[in-house]
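Which chain is which? They are A, B, C and D, in the order written, and residues in each are numbered from 1.
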Amino acid sequence: MSTFVMPSLGADMQSAVLMEWKVKEGDRVKKGDVIAEVETSKGVIEIEVFEEGIVEKILVTEETEAKVGTPLAIIRSVDESSAAEEEPTGFDMAAETKETEPLSIPIPPVSDEPDEPDEPVETQRVKSSPLARKKAKESGIELSTLAEGDKPIHLAQVESQKRSVTPAMSGMRQAIAKAMSRSNAEIPHYYLSTSINMTSALRWLEEQNRNRTIEDRILPAALLIRAVVRTLREVPQLNGFWMDDTLHLSEAVNPGIAIALRKEGLITPALLNAEHMDLDATMRSFSDLVTRTRSGKLRSSEITQQTITITNLGDLGVDRVYGVIYPPQVALVGFGRIMDTPWAEGDALSVRKVMQATLAGDHRATDGRTGGEFLNKLDQILQRPEELL
Amino acid sequence: MSAEEIKEIIIREILEIAPEMTEGDIDPDAHIQRSLEIDSFDFLRILTALNKAIGVEVPEADYGKVDTLNHMVDYFVTHLEKR
Amino acid sequence: MQIDINQARSYYRQMLLIRRFEEKCMELYSHEFIRGFLHLYIGEEAIAVGVMDAAGAEDAVIATYREHGHALARGIPAKAIMAELLGKVEGCSRGRGGSMHFFDAKTRFYGGLAIVAGGLPLAVGMALADKRMKRDRVTVCFFGEGAVAEGEFHESLNLAALWELPILFVCENNRYAMGTALECSESEQNIAKKASAYNISASQVDGMDVFAVAASAKDAIAQIKKDGYPVFIECLTYRFRAHSMFDAELYRDKTEVEQWKQKDPLIVLKNKLETAAPGSQLGEDTLEKEVASVIEEAVAFAKNGTLEEIADLEKFVYSTEVRQ
Amino acid sequence: MSETITYREAVRAAIREAMEHDERVFLMGEDVGKYGGSYAVSKGLLKQFGGERIIDTPLSESGFTGAGIGAALNGMRPIVEIMTVNFSLLALDQIVNTAATMLYMSGGQFNVPLVIRMATGGGNQLGSQHSHSLEGWYAHVPGLKILTPATVQDAYDMLHLALKDPDPVLIFEHALLYNSKGELDREIAPLEIGKASVRRPGKDISIITYGISLFKSLEAAEILSKEGIEAEVIDLRSLRPLDDATIMASVSKTHRVLIVDEGWKSGSISAEIMARINEQAFYELDAPMQRVCSAEVPFPYANHLEQAALPQVEKIVAAGHKLMEEL
């Protein structure tokens, strides 16, 4: 018997609203099954169960907000008898919670400081008038950003803030802001950039696509992901986490793919276990990931298990990306747009399709040598796209 | 299928992908991807949907011919006539 | 003394109705059909029956929380009273009043007032209005001897006499204000004498004798109507039952109760009739049957009654909500 | 067609007119006849209407108030005058246990069309048994209506409204208002019972008040206005029913609330108003609500002490500042 609790999907997640149960009492579940959808500041996320068993009891009704760690359901292992038989006097939550295995999402803790200032924010309530509180909520303004010492916040402060920040800051935006400022503060970034001639890769891709139906076409974006993943096999030092002042390499390659949510910013869900995918599989998974991201149906593991980030802003007309690393990852690969560019080959100058690839690296984990090696390999691989199939 | 009908279908599919837009936001002579912030993935989805609805597949080589709404309409009209 | 057999039978029947009605109330209370406070009138029936015989339909009646007998004698249907006791909307106060608060506009029955002596100032005002409007009416005001210790008793007697108001004050002296005996609460235990001090014509009467009460009340009302002055009657009586249902009667001796039971108004009536007209038949069995069927019908009516909609809870706080 | 008269004259005029028009109306109370009323409201009425309709009563508040109820039950339209609200406590039984309950406990059969007038309030150095403002207590009781006329017009209108009302209405006349002068227009239709009146519009603060405190509040509003703070002043007029709609509308406009009441704070009408704003307009509040009430003491005799105990213009201005200070 174990308790399924509201998982922590990030250090900045304190609670989430349980939107929908995907299982009912008595259902059999196995590890990895999506058993519920929760709404977090980052959007609706599907949460998975981590063990096999039978849903003994659902403890939290839909549309209820639950703090991280709140028991949501009791999962009975298949060979256990039901609680009803075992405990005719009823369910003792305290006892149950004690027995429970510590929540084992196989993710690195995002923070190495357990007493991050995130925690006290909740307890140290911001003083404000009821009207200011209401208006701030309506306008998506975080009251704490208006606080000046102990002075209570009134409507006037909210109104002036509203005027200065015209577009309301969404919860996700705030989450990103938090992660990014932490990254900037903590991670000593180094940047490298290289021009990659994409002419042959694109020609090859066009060739491939000509023989495919439109549904099976492969986008350059997928080719680039596949190329990065392939390159990481050669330069694995960039695939992992910086924790406890140590670089922890990850066997799995779970690139976080920056996906635009149209108007609502970027989110970087993980393309899980990309190292096992060929080009078609990469395209299919990428397609599925984009679709689910935009419909707000991400799984918890996809939100938390990135090992590196790939940001492709070519579609936005960006030439070159200087990315900010999502901690505790140690690298971010950026792609700009593919442009017709004069290109010297030997003595001949010709026009080629050229793309700027950048690498942002965490200087604590690696140095420019590793980064340079990575970009070099990436270039080489992209010159032989057929090997990526 | 008339040009008008084709245009309607294209607009419908674009709005399906970019639900926060309205028909008024679509400038028929503007670059679809850039003006409507449609990335290559979404663009492919639009073309896939149009293939289903109209029955014409746009090869990658022709992407340059379907960059605006008006060009897209012309392209589909021409290719329907050819058949 | 001349006694009309029909008159005697009528008194007997009314007193018997009250007696059996109250006994039924006790039973219903024990089975939780009636709740709240329940004050029984058993032993005192002669007063209500005698005084109501004297009062006319045009006169007004104000009574206390021990008013089941007065309501029945005044002619409020037993059905409406029982329905009130069961909290039904068919009750004489729509279930809003309960045992202590019977009201009936048709018979000019103004309560059912449960603040001891609280009804006396009301009687003063009622009579003041009648006098001002030159209506030939009397206000009959019942209260217990416990009221005599209250300020409102004295204020009201003073006002009634001062303003020369047509009020018949009927003091039902059953010797106990709840558990406090008269000797323990009054320096002057002759209540009539206190009333006299206000210049009100006052007398004591045997409250166990319906004929005596009726005669005294008739004289009083005639006198009030003639000269407009208030009259005070102190009826000496005794309640055979406890003050209310939840009363261990620690304050009085069982032998005292037994002694008073010898003067049961039903027995007194039969004895008087026998003395005045030996051998005359009241037909008690028939009367018992009649009364039993009235009560049975009342109980059935009440049990079948309707509970007022909770949505109407706030109705009648103000007149704007009166919709009848 | 308006005239300028005193508050006292306005009440008297209303009583006189009512008695001239309706045979059922009569006035009863201590020293209302030969003496002319302890505040001289009924002066001259005995002569006009005679002792049958202007009835001097003995000192028996419970007795004659109860008699008022009885007369009302029996078809009359009595006006009972009680000298001061402190004395009305002797009649509390009749007012609360009988007048307020009769209609309800009789299941709608017996209404009590009774008007009880009494003087209230301090400021006359009358000490601890003649100076209190207990109208808020009465506003606690369902079945009663509680009116607090502040203006001459209301003093006149409210007596007429009360006499027309089928239920018991208590009118509280602040003793210091009897000599105040104001406009009376007998032609205009009176504002109905239960409606508050915005006596001064404003956008920054809602001052909610009634009775004599209205005038102190208006004065304070003038001072605040010179400082650029525009206070809206609401005259409640009726403490039961309370005009929630007018109160909430004002709160929704100004977001800042100041209640001025000569009653004490604890368990009071000012507390009730705050509670209702909390229930109905919490999210409109932009600052903690403030109160200016009487000090929690039985009223002292010495003038300086009594004045210190009462709400004053300066205290209202200060509370206004406090409401605005955090801006």
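Here are some notes:
We take it that a residue touches a chain if its C-beta (ideal position, glycine included) is under 8 Å from a C-beta of that chain, and two chains touch if they have at least 3 such contacts.
None of the values given here were measured: they were computed from a predicted structure.
The chains that touch subunit C as well as subunit D do not exist here; no chain meets both.
Using CA-based centroids throughout, the chain positioned farthest away from subunit B is C.
The interface with the greater number of C-beta contacts, when A-D is set against A-B, is A-B.
Each chain gets a centre from its C-alpha atoms; the one nearest the centre of all protein C-alpha atoms is D. In whole angstrom, the spacing between the mean C-alpha positions of subunit B and subunit C is 95.
Inter-chain centre distance (subunit A to subunit D, centres taken as mean C-alpha positions): 66 Å. The distance from the centre of subunit B to the centre of subunit D, with each centre set as the mean of the Cα atoms, comes to 75 Å. Between subunit A and subunit B, the centres computed from C-alpha atoms are 31 Å apart. Within subunit C, no positions touching two or more other chains are listed.
The multi-chain contact residues of subunit B, meaning those touching 2 or more other chains, do not exist; every residue touches at most one other chain. Multi-chain contact residues, meaning those touching two or more other chains, do not occur anywhere in subunit A. Under the stated contact rule, the graph of chain-to-chain touches is a line, running from one end chain to the other without closing.
By the definition of touch given earlier, these chain pairs are in contact: A-B, A-D, C-D. Within the complex formed with subunit B, the residues of subunit A that make contact are 205-206, 209-210, 213-215, 217, 219-221, 260, 262-263, 286-287, 290, 314-317.
Taken together, the subunit C residues at the contact with subunit D in this complex read 60, 91-97, 101, 103-105, 110-113, 115, 118, 120-130, 132-133, 139, 151-152, 155-156, 158-159, 162-163, 315-322, 324. By the touch criterion given at the top, residues 255, 282-287, 326-327 of subunit D touch subunit A in their complex. By the touch rule above, subunit B contacts subunit A in their complex via residues 18, 20, 33-34, 37, 39-41, 44, 47-48, 51, 57-61. Subunit D contributes residues 26, 52-53, 55, 57-58, 60, 62-76, 78, 93-94, 97-98, 102-111, 142-143, 145, 165-167 to its touches with subunit C in the complex.
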